[in-house]
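Note that chain A is present in both complexes that follow, paired respectively with chain B and with chain C.
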Partner chain A sequence: MKICVCVKHVPDTAATIKLAGDNGFEDSEIKFVSNPYDDYGVEEAVSLCEKDGGEVVIVTVGKKAASATIRSAMAMGAHRAILVKTEGQFLDSDLTAKALKAAMEQDGLPDMIFTGKGSVDTESFQTQYRLAKSLSMPVVNEVSTLTVNGGKAIAERETGGGERQVIEMSLPCVVGATKGLNEPRYPKFPDIMKAKKKEIKEIELSDLGIDASNGKVVIEKLEAVPERSGANMLEGSVDAQMTELVRILKEDEKVL
Partner chain B sequence: MGNAGILIEIENNTIKETSLGVMTAAAGQEIYALVLGSDAADYKDKLAEYGASKIVSITAKDDFSSSPDLQAEAIAATIKEYNFETLLGTASSTGKDLFARIGAIIDEPLVSDCVEVNIAEKQVKKSHFSGKTLATLKVNGDVLLCTIRPNSIEPVAAPAAGEVIEFSSDAADPKLIKITETKKGGKGKLDLTEAPIVITGGRAIKAAENYKMLEECAEKLGAAVGASRAAVDAGFAPHSMQVGQTGKTVSPKLYIACGVSGAVQHFAGMKTSKVIVAINEDKDAPIFSKCDYGIVGDIFDVVPVLTEKL
Partner chain C sequence: MGNYLIFKSVFMLLALIGAFGYFFKKVTRLYKIMMAVDGEPKPFLDQVARRVKVVFTDVLGQTNVRRKFAPGLAHTLIFFGFLAIQPHSFELMIQGVIPVFHVGYIFPGIYTSYLFVADILSFFVLVGFAYAIYRRLVLKPDYLTMGMDANLIILFTSIIIISFHFINAFQTLIAVGEDGFSYAGAFPISGIFASVFNLGALSQSSLLIGYEIFYYIHIGTILGFLIYIPGSKHLHLLAAAPNVFFKRMGMEKAIVKTDIENEEAETFGLGKVSEFNWHNVLNLYACTECGRCEELCPASNTGKPLSPKKIIHDFKVDLLNQSDLLLNDKKHEILPIIREDSEISKDVLWACTTCRSCEDICPVNNEHLDFIFEMRKYQVLMEADFPTEMQETFNNMENQANPWGFSADSRADWCKDIDVPIMAEKQKAKVLWFVGCAGSFDDRGKKISLATASILNKAGVDFAILGPEESCNGDTARRAGNEYLAQMMIQQNVETLSQYKFDMILTGCPHCYNMIKNEYPDFGADYKVVHTADYFDTLIKEGRLKINAKDFGKLTFHDSCYLGRWNNIYESPRDILKKANTGSLVEMDRSKAKGFCCGAGGARMFMEETIGKRINNERANQVVESGATMVASACPFCATMLNDGIMETNKQIPVKDIAEIIDEATD
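Up next is the complex of A and B:
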């Protein structure tokens, strides 16, 4: 079985986003990681191939620096990777899906595709759907349980309030992974060393016939959201504090 | 004034409060409330009160209850039928899923989880980088397709005609996926992402059964109960209750964190809440540096008193 996993190179959640210009951010100093939800996809793909044999190919659309993130997915056991290189910081979901599709077609279409349920940078939650549609494959997102057997996949997704849907589909298919699916492994030192020798094929976005300036969703402005600066600490007995809190929430904040 | 379709979500025979806020987001447009299924007339009064000129009961020639793809096809077909310039829904798990399918079907751009929508300018505002930045996006498509973050737009009554019409789609099910079973969640549990108030228990909750204390408080508040990652990883609560990165993103008007230390990953899931209250035994807990009101104390002493005062 051949499995492609789409991995996005994103700023670490703990990183401070320093804005640059009207619609960009300073990306040279901060730490980048693989999108946390994508790790569940990598783990699932690697375990499936460990069980039944096969190959896991990471496909990333991002800047040249994304190769560091790709290496970490390779240390988890992925066999090789394709990096579609972009110049800008943001590429909209439609163009990202087109780039993923073109790269996969060039490499030979897989039996399964994993993505994360969404990315923690632009939070658009749709690339996997556009990719699936363009390949006429079924797609289920926010999958936290998965069984793959005999060309069929049974996925479970939560739909709110603890309710879960059980969904059946045939392979090839696209699965958007989330927490619960598995526990992503921590690569061991020898795996990290081995990952350094694995192949990353680089392709220019423009060589796939995609023009980054054709995005339909354009970021006009990025603004920092001011951080709260220290709490108003309540004082007195527990009873007095709770009386005051309820008063504040009702009268000052008007949220009760 | 253009025509705007609003996907209405219904749960337990009740219109979700968040769907009314989405209608308010389209104020000034000719509003078509879209209801999946044949019983739209049951919701006429409320939908008309909040601005629906038309209420569209959507069906398809095949049963679409087990096919999200066919539901999306049927909703997408209303865009042409009624000349929608805008199609809005809630960024709930169902709304996000259907809108992503619709965006792919009609090949139009989609913006998810918006906190502000300017229909005339085709411009939206939404969080980027887990609430650390607010992005203004321009959407260059023929149809403005958006989901709105729950609780970001307060519903405002704006009475309109509320004429009920029927639309039957003749789209065929691509038969790619099939919902074979729906496992019910806890009875009457509010959905975390849509609840107006959320109360969360962290590691200090110490045991699964102690969530009962929070549930009692939540019942009085009309709140949903959440958990921190530490509490989930310790086995005190299921993942479906986790707030934060790798869990749910919530944006309620009031968030009460009980015994949550306040890791960056937790804030990533709740920092856009309107008011944040933290209760923690440790006066130096990081959560106190980024919340609105702080109470230093043992949650087992404080929460029952709060419940009593509500």
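Up next is the complex of A and C:
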């Protein structure tokens, strides 16, 4: 079985992002990691191949520096990788899906595709759907339990309120992984060393016939989230607190 | 009689050849095992003169073993007495084969004096054994292995000693022939044996028979003992002295730098017994399971499955059980140390806080931690098998250069409201203060850092910190076995430090101190490193800090393992506390070299503690027992652990870092 895992190179959420210009940020000083949800996909794909044999190919659309992230995914056991190189960090979901599709078609379409449920930098949560649609494959997102057996995948996802959906789909399909699917492994040191020698095939975005400036979404401006101000602790009896809360919501915040 | 002598000669010759042959075969095999292991030993052949001296003081002088007084004294008596009778016993063996052999003919004066001394020393062995039996049967300390092995050896040796006295007693009574040698006056104690047992009443022929009987008992037991030694824990008798000779000189030690860039290496760390180094193996041979390590071990004391004594024993058993594979070039068939049902489990391995109390107390200078560190390396690098909670810690360190995962660029946020110079802006300062992760990010640690900054400013010290350029020192990763990550952290810091000019590095955290002082030199960074305890002491002595002592009440000082046992700093924190406090300084039972770990060392700070009692609770109880009203520490991790522990005792005993106390007590 050939499995492609889409891995995105994103800033670590712990990093303090310094904005640069209207819609950019300084990325030289901050740590980039693989998108945490994608790690669940890598782990699942590698486990499946360890069990039944096959090949795991990492497909990344990102900057040249993304190769560091790809190496960490390969240290977990992926066999090789394709990096579609972009100039900037932000490529909209539509173009990203198109780039992923083109790269996979060029390489030979896989039997399964894993993505994370979304990326922690732009959080558009669309790429997996767009990719599946363009490849005419079924897609289930936020999958926390998965069984793959005889050309079928049974995916479970939580829909909130304690409800779970169990969805059966035929392969090839796209699975958006989330927490709970597995515990991504910590790579063994020899695997880290081996990953340094594994193949990363680099493709220019333009070579796939995609124009980065043709995105459907354009980021006009980036702003830092204002630091949360201190919470206002209400005191007194429960009645007094409720009265005060309603007053604040009505008069100060004007939300009621 | 003539026939008997010929029979005795032949019999003794065969017995001696058999016993010594077996003994040498066994010992040769043990030596071959020691030389067949693959591990790279540290260089141990420096300072030969000092090493010889240490063997004289520690082994012959028995100073190490007497750090525990009564058992140590008993050991000293047994040791000297047993040594003293050996030449005589050896002479008796030769006499068995060659009846005319007699050292007394050659050096009568010296020989008689020797026998006189040996006879007295020999008796003291029995005194030593009396205590040993009392200890094993009545005192029964928990840490002592109660096994057949120990009892057999006491029995063996007692028979050797008692038969020695009987042989001597008979010799004094047997009539001296014309060319004979008179033993008169040579045996003060054995003479008493003779009168107590009324041996003088026996006829000459009975005396001769009695002599022969005890001769065979004596020599037979010695030869039996000889056969028994190599396969028992009493291999200690042979291995202890060389083990002490090859010991680490000085307390400071560094985890061995693993060459992780070596592409030829098939494995890293210690996964199976063939990967020991010869010094490890010698350690195993030298252990006689006295249990002093277990008595002090914080893990053993709180119900964890780890006992330093037991792991040494278990390593030895595993090594000897698989020694055929080792010696017959079948190393690839050797099973890993941690396997299903093995005595050394993962829980054992990860329970160690690396406090080093076992190494410090070990009378034969074994280095238990060498095994632990290398095994952890193997588990992490080769198996990626470690307590799950460490994965996040590792990722945090890799991504944000601190174990909690705070943003690396906020490292200097703790001092944004005060004036603390940053090295990148200053380029040059007398003191480069390496604040550390706890001091930069942890709420408790940040308070200690603020106090330290205040003290440095009061003393007018020209200092600067690295701020966001600083990385975790690598201690946690290294002691958790993640050598790869640790070296990454170390390299980053080494590179950063090399950019600036400074006279010394100051640290308030003993883990930073130990790493930069003892482990960074292997990475090309050799700096003068000073801990705040020593530095504050110097500032006070130089008059740069003016003490205005306050009443901190009944104060006790908790020794951090990495300051004390790892680096021998015990006095300076106490000195400055005495100066700063108008109240008293009391010591806990477990202090200084016997200080009890807070439970955070060896990366345990970031692991769950689910087995047995919590180590910090145990230490907190010891604080309460000391009657102290405040406890001082000199490590941010100790402060956190002690504070958590004391909260559960429901006592109001504040925990303060020495920096906080000195800051309060200076103008």
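Observations, loosely collected:
Just so it is clear, the second predicted complex is superposed on the first by the 228 of 256 C-alpha atoms of A that agree within 3 Å, B and C clash if a C-alpha of one lies under 4 Å from a C-alpha of the other, contacts with A are read in each partner's own complex, and residues count from 1 in each chain.
The rule we apply is simple: a residue touches a chain if its C-beta (ideal position, glycine included) is under 8 Å from a C-beta of that chain, and two chains touch if they have at least 3 such contacts.
This is a predicted model, so every value here is computed, not measured.
Looking at the shared chain after the overlay, A:E227 reaches chain B, while chain C stays out of its contact range.
When the two complexes are overlaid on their common chain A, residue A:D211 makes contact with neither chain B nor chain C.
By the document's definition of touching, of the two partners only chain B reaches A:I167; chain C does not. Using the contact criterion defined above for the overlaid structures, shared-chain residue A:A14 touches chain B and also reaches chain C.
In the superposed model, A:Y186 lies in contact with chain C only, and not with chain B. Contact with chain B, but none with chain C, is seen for A:P138 once the two complexes are overlaid on the shared chain. In the superposed model, A:V120 makes contact with chain B only, not with chain C.
Which of chain B and chain C touches more residues of chain A: that partner is B. Shared-chain residue A:T159: touches chain B; no touch with chain C. In the superposition on chain A, contact of A:D239 is made with chain B only, not with chain C.
Taken together, the two complexes place residues 14, 16 of chain A in contact with chain B and also with chain C. Within the complex, the chain B residues that touch chain A are 92-94, 96-97, 99-101, 103-105, 107-113, 123, 126-141, 174, 176-186, 189-194, 197, 221, 238-242, 245-247, 253-254, 264-265, 268, 271-272, 274-278, 288-297, 301-302, 305-306, 308-310. Listing the residues of chain A that touch chain B in their complex gives 11, 13-14, 16-17, 19, 23, 25, 36-37, 92-94, 120-126, 128-130, 132-134, 136-142, 144, 154, 156-170, 173, 178-180, 216-225, 227-234, 238-239, 241-243, 245-246, 248-249, 253, 255-256.
Here chain C touches chain A in the complex through residues 260, 263, 268, 380-384, 386, 388, 391, 394, 396, 399-400, 405-410, 484, going by the rule given at the top. Across the interface of their complex, chain C is touched by residues 12, 14-16, 29-31, 33, 183, 185-190, 192-193 of chain A.
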